[in-house]
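Written out below as structure tokens is the structure these notes cover.
Labels for the chains are A, B, C and D, by order of writing; each one numbers its residues from 1.
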């Protein structure tokens, strides 16, 4: 008899949701995608073609989907604004949850997901920080963890999207929480991973510009942001995010220790092909985030599935996802206020007046 | 109702066989691994743990496996010496076949597989040239094919294994056909792909040395081989193979045209991590062939499956696999005789006396 | 008759001074090194061996050297604390001046050099920002200048020295002006070059840590500093400097425009050699600043000489050197105060109270 | 009193000759260019502008130049056909000689230069194998020499010129000796350097094509050549040369030992700039040989000068230059005859009949 498979539903079938659905359907041997939810007629149509023939039930009502017989886990990949609500509902329905990042653009709402999860300690609730599952990042972490660079001290990380001239990012900015919450949330999460999950933020400061999309200002956002974050204990991180890369997605990270440095994707690459032509030597890089991290998403699906089935620990704690939102929001606030924001040694905000 | 899956059996559960079995079991959504064959008790044991619980029937008799109810396709991944015999038996049992490279170390026997396949044109019979499924090679081919380098003229390719001090390769050399048939067969196949499947060989010449394993000479083999191949029509290729790389597997290729050049893995990489330490900047590369081409094998399994289920064309012809063995064997002969070997414009060998 | 050569003296024969002296002696065909000054007996000894036999007169008194018969130009390469005084004296003696960076660690004193130079418009007075003469930086600038990346908007640059465990940098920090003035001054100058010499600073903020040399705190300095600089007109720059690189000197820069990006030394290299060994693939990078920029210093000497002899424009204005010190000092102040510092649209500092 | 400078004359002021003349004039502090010879009126004109004002006497008669008062050394940089004759005349006039490669396209004539030099052991006579003075090649050699790659066993090297559509190479091929003598002579010399100056050739075989310039066939030449060379003692080398690179000059080398590998310029680079644009990430590489090796030529001039003035050993023996021509000519012959050529253990050719 074949081993039992985790019965999974996917909420949201947009760009990332469809990928999650297909990954759980086709590339996660121990999982079975049994249900999918989307309120969007176009996505329903896509699901009827790509999911239904494989036995997936399509729902247009999230609550109804939660009641799908035998369901054990939900992937929340809807728009950010409903992440938290849907995650909490799933938790309350005693379902494991893999929730796309960020939990919410609000620290308080993010915290409410964590609170809900804490009330059901038997459930696996994970925020989908996909880079945690990337082979290169894991390789870097393991090398650092084995002491190869001494004491990690300076962290630099960037999330840089290819320019999308369609104006998509302007509309998107209304709900994204801003570039530091939407893009750099990954980099902040990585900093917490590499510096230690319980690192306490000491200060944040950010600046930014609208170089190609001045309309972003109406949503208090920018298309290029730079942020510095101090942590208590003599560690600093700095971040860059951009929406205007010409060549493609360039996410990179370096972690600098007292005895060495590790970089991930410092010299960005796509395939292993180089073209020599009259313009010199040229290589292409992935056009988007999924082009860079596709395999990480597959690993994420498989490891989440294994943790649910085997009741083993998830690779990282949900509390970090709240901490990441807190830092991202503070950077976004600093960008807009022009003020540096300080925190005491337990991470409580220090009001400027007190300085 | 879920779509029907291709019922697949895997013959051979050694290093590559086990990988094929797991790929068809776990990473080929449209296939179902239903049977596996191995005469080796240790491999049977492995199969009982890794395959049987998922519903795979284990056989120790190949012919019996072929009679597995509902079987549609066989992956032949046993030792090279029985590839041809097993492939032919499967073809005669009306089964699709994916046969590991080379079909045989003998041109005649390789031809007999082709002959058998031609008698059953409805079957899909493919030689497992895994690099054909690699994203980087496909990217390079497509760029060449679209004219970006003008007329392809010079081809260079190498297959270089990490040094294995265990002596494995010495024992292996007894049956491998020699370094040009075992290693460079990939490079030769790539040359035929990039220069055109019907390219006709004009001459071959090879030299080589036993730099680390002098015992190879007793099997008429070397641990470092260099070969040059002329094709009719003004094209040349040259190949290098080695069994003594210190850093890991370094397979690379470049195709030079009249207006540009494409290289694949010229600057070998593993993950995207670089380490900066007191010895400089360092990166690791894959330790073995599978580390470099894992995803290509998964694609191979999926595309072979799709071609069988949908009755579509395979991505390349079986006849090329015979041609590749012919060139590989000629290089190996030239290595040992010290003579260049010439062929006429239809590929028939010209005896030295006739020169 | 051979063309006349510029009669040059070199003040200071320490690490950089000796290099300047030899470059003017041996690698600057249109210049003749005729005099050198140093108060240090060990340096005098070195000069007797390396300079005197080639006809260079050695002085231990700077003023006396200025009166060397026929002298036309002085290279000021003494310790930073006397740069300005010696430069001004040379200017007042009607001599061209190439002064090592920074002019001074004080904005006011730097300005006094500029003022002196303005009183003698016929003289060539240049601050030795060596990267301005580097082939790679010039290549990058020319590409940007020709419009290849659209409107330059974000600038990132770092100056990272190899760890020197001798404690040299602690003693040095007493007079260096701090890491932002000593190291990042180069990066700030580059930002002014790429963004335009007359860019006006809008805000600066900096953080930093003492990761390996806590004693730096007594000189209000750090061994790793991060700074952000906003310019009026929608441009931002960020900088990193470090004294603890394990692998060697890694100075790098990238300039990001609305249509592309240029990077200089993103993937640091030394010679073109790569070593493949059991630890992977490895390359060394220059151990120090001169290893990276040796040829730039030679070009600097030759171009300064040509400008003096031919009375042509220097490649950049002296006023930028004052602006660079101003920004460097503000970053250093921000590092120590923990406050962001703001400037109005003509570059005048805005006191916090006014915010 | 300034130290005495080597009194140097330069014969030939074509492309390379002019560079040599300027290097000895401006970038070789211990040398003084006092004379130059060219029979070409255009080159005389150039010399009147660029050399005469610096005190260089221009000659249109080589013999007359040799009698220039006080002359100590001659750089022979005329066309290959007169290298040997001019070098021998200079030697007989008791002058040190730096002769451009190759000494001759004939082994016998090359040998006659060596014979002449042996009759004047007090003279420094060097063949200008410029790569011997390149920092990267020296770095690689030193690493190999210190044992870092075990026993060097396989050598690969290429000399690949940018496509010159003017047809220059066709006319040039009449006297160049062919691609293996003109281009790969550098690679052959490097093989002799890395494998040991006294390595004895065992066999050579070559193939080639005219991919872009079919007219080369009338001079028995090709635009893409591949050659294999066996050396006695278990070493092999293979070479590639091309006249049709699209991106620029790509000369590269790798030396593979039993415990590691060293590569020089495997991933070709020019400046340290990378451009990120809509076509991906791009870098330019040098357009020609001098762009890649300019600094090596300067080093060559300085080291040759030092050896003459100080009567120290040259960095390599002249006999190797004859050996390199011998191998290059044999490759060219093999290319045209289609035959492999064999040599006995003292390097004497074995006639085919004896095989």
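Note that in this section a contact is a pair of C-beta atoms (placed from the backbone, for glycine too) under 8 Å apart; a residue touches a chain by one contact, two chains touch by 3 or more.
The model shown is predicted, which means the values in this text are computed figures rather than measured ones.
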* **Chain whose mean Cα position lies farthest from chain B** => C
* To do: Would you kindly state whether over half or under half of the residue numbers at the chain C/chain D interface are used by both copies, giving same or different?
  => same
* Structure fact -> Expressed in whole Å, how far the mean CA point of chain C lies from that of chain D is 39
* With chain centres taken as the means of their Cα atoms, state the distance from chain B to chain C in Å. => 56
* Structure fact -> Residue ranges of chain B touching at least 2 other chains are 149, 245-247, 259-261, 266-267, 274, 276-278
* Inside the complex, what are the residues of chain A that reach chain D? -> 245-248, 250, 267-268, 270, 274, 276-285
* Structure fact -> The answer for chain B against chain A in the complex is residues 1-3, 25-27, 29, 53-55, 135-136, 139-140, 143, 148-149, 259-267, 269, 271-278, 295
* Structure fact -> Listed in rising order, chain B residues that touch chain D in their complex are 149, 151, 153-154, 156, 203, 205, 207-212, 224, 226, 228, 230, 234-236, 238, 240, 242, 244-247, 256, 258-261, 266-267, 338-340, 342, 355
